[in-house]
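Working notes for the structure below.
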């Protein structure tokens, strides 16, 4: 007979309490005004107004609390790696692990160093080299347009919102400045770990990074990762669990261990300032603030993530 | 008003069902006979009979299920790092993070490479260099004997068993062959990140690694880490959560990401073949099988951990 | 008043004695039949017959001794880096050292690792990344065709032979398989250390590597590096000395120290199996045998270099 | 019939001209007052007065020119590695290369990083790890006192001066602060590449580094390395040549390539501010100025080396 599940932390907050907390948090973050610095490698990111913060929390009961600039679209950038990984796992399953590892890299997101030591097998699918391999696999037997369509369709289905789209200007700018990623692509190719022409894979990758979403859309899309009741059935629960495991160990580049330690929840950050975070079975959380810290993660976003985890008691560690 | 906690996975198994599973698992592991290789750098480990497997699971309701060689003592080795970290957090709190990081290393347990790149600050407290720093901090103002006593007392209190002791022969052998650790100690010293004479810190470290426990004792000691009801109040819950976060991201050396991915539970392995694993709020698990895989983790032990997680549905990822 | 110059070693051999030695050496190398393995990354190199050896020695007195396949053309590959460096020094002088270092790399010729540690400044002009920077500098304000013409003209002038040309088939094949070099180029670009479009710089580089010469031509071209009397005045003696210094410390990738130790003369090897070696003021030596050792240097060629140095007593070390 | 040896550079200067140059050079260096910073890891080095410069040049004709503080004793430190290598080559010959490589390291003198990548075989005998291996080999079957005596006797014989001795205070201080070297020693031991107890090898090494010499003594001792006429017959010419090859490629840590490029002569520097430099067959040169540059080489010393090479036209590169 099933037993009652032991509960180490506090119970979940009510939507009302959570809403009040989020409103206060947004005000606090504007008062602190500790924003970091926006990414400046492309004009579309460099021109984003720094002093912005949005947050949205999708609860298991279906309620969606939010505060701040939660309806301002932003470039999801590396958060797209979560969804492309979900797509590739749906397509070829665990075979993908022959081409990419599952270990934290302890390195910058675009480091090429470990790739040399490990002969072309990227450490994990959330550093750039690993994400390129995932996207390359999605291109097997298909055009870039079709592969991209699959990622977008997955995200639209997850969010239940067909308005989600790619910001072409961002994609073009990425293309124009993506020398480091182009280096990674050619390097993977030299080890035989890129099947398609480098330009195809990179082009697809730059476009998936240029997907624009707001916090409301992202929090809703995260339901399938968080395994919330009522989420569309487009990702097997076992897969979702494994993706969240990777988010926890590898989701914040060389700050992943620290995020796990301080926040206690799996998350994936993007250079556009977004963070997708999940409390498995309980909530899907989207946070956005475009200013970054030295490691390339949203500065105010990470602060908000920690405060939210404290308030709710959510932690995968009990 | 508190809400009911959403439950994504199955409910916990009954003690009877779990016991039956463990008995079957022990039999299966002997039938597979895929044991790996015992550590051979000291005779005390090299001489351990290979074909052994024990497991013990302490549940939240107080029941303790076990199977196989669960009462055979083994050298806990690196699992001691969990307890020395708990001690140092109790003593000086978060100050310890000025001397050691919280990021996965992506490297072998005794690598000196990253230590050079990071100027004497070890990546995390679970690689050898980091554990030396923790032990060194515990020696502040005290003799090796007293520091060691604190670790042992913590473990005895956690397990509720005063019979737990150090195997002096193992400690002596470690001392005789510990050149790599001695190199790490001197290297830390050269960066000013070792306060005590290298021999004091190393001596204490070698002795803490030589603590002998069996699975029953280890599973009971793990209650404080898992935050089980009825565990002795010797570790603040917030601290326990953070230690489990580190176990998840850094507990299995350069196989940590893979363990998180496949098993989904925080664990810490030792070269003696032991694994301490926790399902926060639900269970504390001790597994032992002395044969190791290429990464230095128990081969049959990791297999058992994965099977147990599958059976119980326990995962920090939902 | 000028003093007589002390002479530590033997005097130079007579052309007759040297010719006899070379003939014997060629025979010995065929008898040993220890050829190594031809480079196989492009068909033009993979299809070269393995059991070939040629040598040519241009002496200060103008005589040119040679033996074996000394009139068979081969792809000079990385030996071209010596000449492109000479060109760039002539064009912008010591400014080039702001873009590339002068230290041995201790790494493979196409390693990207150090490039990351050193933020886009290649260690020296004889590893691929460094040679790309040199070629890129030669492209400043000119077309690839013109930059290439400058290198070819320099070599033709040095050798006094206008028949020297580029093997277009080799250049095309390099282009088709140059993913690693393309990665290096994009990587340099990402650090701002490539001024021209990556494809321009790479295209020029692939063509310079595809220059075809035989030992006679190469030995004559080497006169300007060796500073032989009667060499065309196209390279300042101080420049030549500095180029030979780099050949000695960096000319054989991660085997440079060993070559200096065993042979004692500056040399530059290429993956086509060629070696250009100089005894400053005394001789310019070209050796070719297409089979390579594990480090990518000509196997029989290195043996011949050592034997020749022993016979002649030539050594920059006295 | 032997031919006249071609002479690319100028003839050697007369002793009188050289003496005048050296006197002017010493004055110029004091006028520049660009001294760098003395090593400060032990009081004996930290307390040396910064503004000092000495130089001595032993010519092939037997004359010895000198200027500045050429009779002030200093700690030869790493220059001792040249002499311990000479001793070990005399004792076991080329077998030593099974324990240590001959490649430039491209790294700091006390780096442990490459040692890990290369599994305990140091890159060359002039980085600390390599010198420890050489000293360890000299200890085979002998006491530290006897091994040390061999090194001292070699140096005394080379210099023709029995007054050369070890500064015990320096040796004691090295011992007290040598954590990094102790780390290297233990690390080598862990790979089985140290035969004697770490303390024996380190103790011997610290004492050989603490040998005190002045420029006159060092220039005279260098005759055997430079292969000057009249040098005592204690080192085979072929050995001397190979030692100078290593000095050229590896004598100045990660500035070796640059020194070869700018100065063109083999040299070996020490952290005490000394440089032993040779123009093979022509001169042995000792330079001392205690202030170091960022790479740990004498700042004014390197400047003087370059000026001397310019003045004399001495260069192994023609």
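Per-chain numbering from 1; labels A, B, C and D assigned in written order.
What we mean here is this: a residue touches a chain if its C-beta (ideal position, glycine included) is under 8 Å from a C-beta of that chain, and two chains touch if they have at least 3 such contacts.
Note that the structure is predicted; figures quoted are calculated from it, not measured.
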Note down the smallest number of touching-chain steps it takes to go from chain B to chain C.
2
In terms of mean CA position, the chain most removed from chain C is B
How many angstrom lie between the centres of chain A and chain B, each centre taken as the mean Cα position?
31
Just the number, please: Cα centre separation of chain B and chain D in whole Å.
49
Please list each pair of chains that are touching.
A-B, A-C, B-D, C-D
In their shared complex, chain C is touched by residues of chain D numbered 1-12, 14, 60-61, 101-107, 114, 123-124, 226-229, 237, 240-242, 244-246, 248-250, 254-258, 260-261, 264, 266, 278, 280-282, 315-318
Provide the residue numbers of chain B that touch chain D in the complex, in ascending order.
111-113, 115-117, 179-180, 182-187, 189-190, 198
